[in-house]
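What follows is a pair of complexes built around subunit A, which joins subunit B in one and subunit C in the other.
After this line comes the complex of A and B, so read on.
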């Protein structure tokens, strides 16, 4: 019996950070969040061909990675590198903003990892997604 | 096992074949098939196992050579064979006019690789000539002659695909490369030294690392190399010309840069030294460099470089913009010239000199620009240096600032500016004790800033704002940036509208980010209402006003929350309000407010006296919870009448959408809200 209680306690303790974020509002909207989402939305059209070709993959940590630049014509690689940097910059700002807007700046890491999972789930078939062990697989 | 010393193993192998044949079967003639099992051959870098030669006839005819295993440069090939349609085997030598090498395919589906070859060896001179023709129009040819002084090998390439060498180069296993090379290389081995002279033309060259972060395509180049070995030391001179082709070396992309490189140096296995290297090209300008690289430790022992005057307009799109872009930095347009020089020791910068001449940079969005930058910046890691940066003109939005002269003191990763006075319209910005420190993870700076009186008329005109009168002056005793946050120590005091505004707890997060956030508390004291209302075409109110903006939080240009209050300043002064101002205040109070105005009175008089006026707004979630100077039945008093003729304005709208309130303010100040007097 005591083992069971201990296990329940452990599970509860482990799930606390996630539970905290779950209580928070990931869909919260502030002008900063609207602006960031707008910028990311307009950039998506440019990034989509790179997701499709596997040049850019969805990383576990809520960012995107230029995983195979050889899949991009040479003259476009600089642009692609810039797009990935700008996207990751906006994503980092988005996670920070959502945590802040919830009144808990310390939730940033959990917001990031929750979004990492969400981006991976939303990835289209054929896109490359990184698993928990850091390996890439095609969805 | 037949052991043959390293060096010229091919030569010795054939010598051995001929010697073996003639010794085992002396004088034997006629058609007689001979099988020679030659065992193994170890030449250090090259090892051959189970070598067999089958000759149909000792005087000539078809010959087959097979070997079970060839090991070279750590690679192993199995079951190789070579065939010669007609081999001429005489005491003078050996010749094969038409032969082929057969390399088994890597897997069962693929075809074996067959490479046509020609071979000729003269026993008297030791001269040999081997030509391989792996594909039509492609030739790899090695010819050797032995003279009294030593041996000479001549390698001639004609459209040779050097990507075929990849399996031989274990260090290059993570790289894909290929391309055509034509030209010749001559290696002369004398007892005292060895010289190498190469003159090669590369075409359609391509390379790429596994990640694609470093890659080149369609490169055309010429290479000229002169090298000489004495003992274990090589000295060399090289010239490379690269007129055509694209290279991506993250984050830089160079398209047909027309670069020429000349270099000379030495190499002894332990260290590589470059005595003089010059790189020149229209997009690069001129760069001279030298240095010593410790191969075992994998580090730069010493190095120095110096550029000529570089044209930033040419250089920026290829080199500066991608660096900023990869850091998600601002998009800037550059012009002007720069020269950079530096010294490196043990992989770390020891000194650097940066010279800028007539440099201008403009942010693509037009938010800021710097023009006429002249700078001389000497920097030493271990000593204090004085640098001077002069900027003819800076522009922040529409506001011109400058000229700016910054005398800087540099030491290590720290920079200090004791004082700079920067003209701003008819006043000055005074920077005091600016300190900047670059940290390994993030940088920080601190400063004290003051703005000595600037005419508000000039300032508002320059900013394109409504024209204001009075003076603007500010004092910031301390401001510092740590990482992405700029914060104020103490209060920012601004003199405005004959009163003052004091800003405390000011914090700016990610000031250059997509949505900068500002936090502050603001106090307004004793502002001249007549100046203020005249400026914003609000009608005329005579009097003084105080205000408080507590817990202000702004994202971008939009306030998210605050608790605001404005109210007549305490004290004895004239308090009059014009007919139009009454209308406008009532318009701010919303539709219901106008009903409270005593219309008959309003029609008769141009202006009225009041006892006090004020409003409050608590902004939360885009809604302003409004109030006045005191409560009224079902509402709040915004203007409380006193004296003769007196007027009061009562507001009834408690909750007003912030955007709606702003729209009302705009309508009022743009003069669209005309007072309607019945």
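After this line comes the complex of A and C, so read on.
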């Protein structure tokens, strides 16, 4: 019996590094992800004032929302709407690409919800974020 | 001896189940990836103070 236990222990020990590898990092260095990141980074400069004024908020689902159009001067509203739409397109593509780059397209929704949580956590003081119940609050 | 084999087989099956579990969504790795991307998109890395919940330092 002790031989058996030793064998099982050996098999278990051998399988541990496998588990460690599987728990490592997600692949995020693909050309598609890099270019989406770049587009989002350069758009951020234009979106930041809208986050600060509360016109645009960080939604729980990993997107952003034009939550108070009145906070934006009329002349800029169309631009802001376009920025929000473009950002949400890129974010959706980003979540899809991360899932795909890691060989699991079905992970897209979970990638999205992970991001939803982290965008909200990292939002700057004064920005509006949405909680799990859908309510908005100012950080 | 036959019983031993069966137990070994059961252990092997159990292990393959573990491997299957690893195919499920790796939440911690995803969070790390999200943090890295968000830091870049929002340019939080330099001069940004880490939030209260002390983030593990990323090695480059």
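Observations
The rule is simple: the second predicted complex is superposed on the first by the 112 of 139 C-alpha atoms of A that agree within 3 Å, B and C clash if a C-alpha of one lies under 4 Å from a C-alpha of the other, contacts with A are read in each partner's own complex, and residues count from 1 in each chain.
The criterion applied here is as follows: a contact is a pair of C-beta atoms (placed from the backbone, for glycine too) under 8 Å apart; a residue touches a chain by one contact, two chains touch by 3 or more.
Here the structure is a predicted model, which means the values were calculated and not measured.
Looking at the shared chain after the overlay, A:46 reaches neither subunit B nor subunit C. Once chain A of one complex is fitted onto chain A of the other, the partner contacts of A:118 are limited to subunit C, with no touch recorded for subunit B. By the touch criterion defined above, A:30 reaches subunit B but does not reach subunit C.
A count of residues in subunit A touched by subunit B and by subunit C gives the higher number to C. Once chain A of one complex is fitted onto chain A of the other, the partner contacts of A:74 are limited to subunit B, with no touch recorded for subunit C. Once the two complexes are laid over each other on the shared chain, residue contacts for A:86 go to subunit B alone; subunit C is not touched.
Of the two partner chains placed by superposition, only subunit C is touched by A:110; subunit B is not. Contact with neither subunit B nor subunit C is seen for A:131 once the two complexes are overlaid on the shared chain. Shared contact residues of subunit A, touching subunit B in one structure and subunit C in the other, are absent. Taken together, the subunit C residues at the contact with subunit A in this complex read 4, 7-8, 11-12, 15, 18-19, 22-23, 25-44, 51. Those residues of subunit A whose C-beta lies close enough to touch subunit B in the complex are 30-32, 35-36, 39, 67-72, 74-75, 77-78, 81-82, 85-86, 88-90, 93, 97.
Within the complex, the subunit A residues that touch subunit C are 3-4, 7-8, 11-12, 15, 18-19, 22-26, 28, 33, 37, 40-41, 44, 94, 98, 104, 107, 110-111, 114-115, 117-119, 121-122.
The touching residues of subunit B, counted against subunit A in their complex, run 208, 210-213, 215-217, 246-248, 250-253, 255, 322, 325-328, 510, 513-515, 517, 555-556, 558, 560.
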